[in-house]
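Letters A, B and C name the chains as they come in the text, with residue numbers starting at 1 for each one.
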Amino acid sequence: MIEQQQFSISTRGRGTYDITREVQKIAQQSGIQTGLCHVFTHHTSASLILCENADPTVRGDLERFMARIAPDGDPLFQHADEGPDDMPAHIRSILTNMDLTVPVTSGRCALGTWQGIYLWEHRAHGHSRRVTVTIQGE
Amino acid sequence: MIEQQQFSISTRGRGTYDITREVQKIAQQSGIQTGLCHVFTHHTSASLILCENADPTVRGDLERFMARIAPDGDPLFQHADEGPDDMPAHIRSILTNMDLTVPVTSGRCALGTWQGIYLWEHRAHGHSRRVTVTIQGE
Amino acid sequence: MIEQQQFSISTRGRGTYDITREVQKIAQQSGIQTGLCHVFTHHTSASLILCENADPTVRGDLERFMARIAPDGDPLFQHADEGPDDMPAHIRSILTNMDLTVPVTSGRCALGTWQGIYLWEHRAHGHSRRVTVTIQGE
């Protein structure tokens, strides 16, 4: 069995957006009991992460960390066609990935207690980000 | 065909733990000849990596690298509920991921000669870490 | 349905090599309409990334970024059996991963407009790099 669905998320600029509920809903509606749930975003300046879901300062610290290792406007970068946040957004996306896969067990994404699925917008301004969820199993 | 199994590993604190044998055993016992083997850990302060399996100083250098880019007790981090290693553990996990997928060929995980599968504990103290292995194929 | 194929790519040393066409061809020839396409490289000093495919300076900046956070010959690293680029190559591979998975929709890898699939050679000299592509779906 296979189920594939797409949704979009309108970001309000840099930051993390919880998509756990959307993904979990697609997984549960698929009727698949045991398998895998793959989540993908079709961009090069946004990424998907599994992150601690209890304390929002964790995601604030993630931003601060990225701002330190790949800061906006860094003179190291030649590519700045779309502004000082352009190349940092590509680097942050590649370091944290555009795809992730979670096991499906008993008809649900078997996330750990503290694991949430987040889309991470790396551009300063808001964008519409397309996400495809694919569930395979039986 | 699909096979899903879980196991736990008791870590003794920060460091890498070779789980190649456990994963390979589940893959081989599944009877699946061609497909994919997905490995997942249900936590936000431990990760899974494919790493060189011959010289242990490689994994020592990985620790030293992470200690440089995301050091314990860094004043940059606001989240320190569980101690100075709390936020660095989240960052290190997100940079190296909680999941990985390896092709299954001729009934085995088709790892390269030097590739081992390691659970990387990022907390200073030991924890019990849950791992789910899912194999799909024919 | 499942399809698995392998190919090799001869690198000319450090840099990114576009393999989108090879992967897309295998996906399309599989006849699978809806599913997932997994790409894997069997090494510990090369990786696979989804990266912006329009401006080559993006990939140049990626190299410059990695040269800053994990430079060749860094005295932090004890493992240098194969030269000053040995340990940096392992670190860069682990930060960017040896595997990635893309959804298959309407018989093609559903890449975003600006997403290309690149093999990233992290060793200074050229190597032959083995890639396995596995497509599952219906």
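Convention: a contact is a pair of C-beta atoms (placed from the backbone, for glycine too) under 8 Å apart; a residue touches a chain by one contact, two chains touch by 3 or more.
Values in this document were obtained by computation on a predicted structure and should not be read as measured data.
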{"item": "Same-site or different-site touching of chain B by its copy chain C, using the half cut", "value": "different"}
{"item": "Superposition of chain A upon chain B: rotation angle, C-alpha, nearest 5 degrees", "value": "120"}
{"item": "Rounded Å distance, chain B centre to chain C centre (Cα mean)", "value": "20"}
{"item": "Sites on chain B at which at least two other chains make contact", "value": "69, 95, 97, 101, 136"}
{"item": "Chain A-facing residues of chain C, complex", "value": "34-36, 49-52, 55, 57-58, 60-62, 64-65, 68-69, 95-97, 100-103, 105, 110-115, 136-138"}
{"item": "Of chain B, residues touching chain A in the complex", "value": "2, 4, 38, 40-44, 69-70, 76-79, 81, 87, 90-91, 94-95, 97-99, 101, 130, 132, 134, 136"}
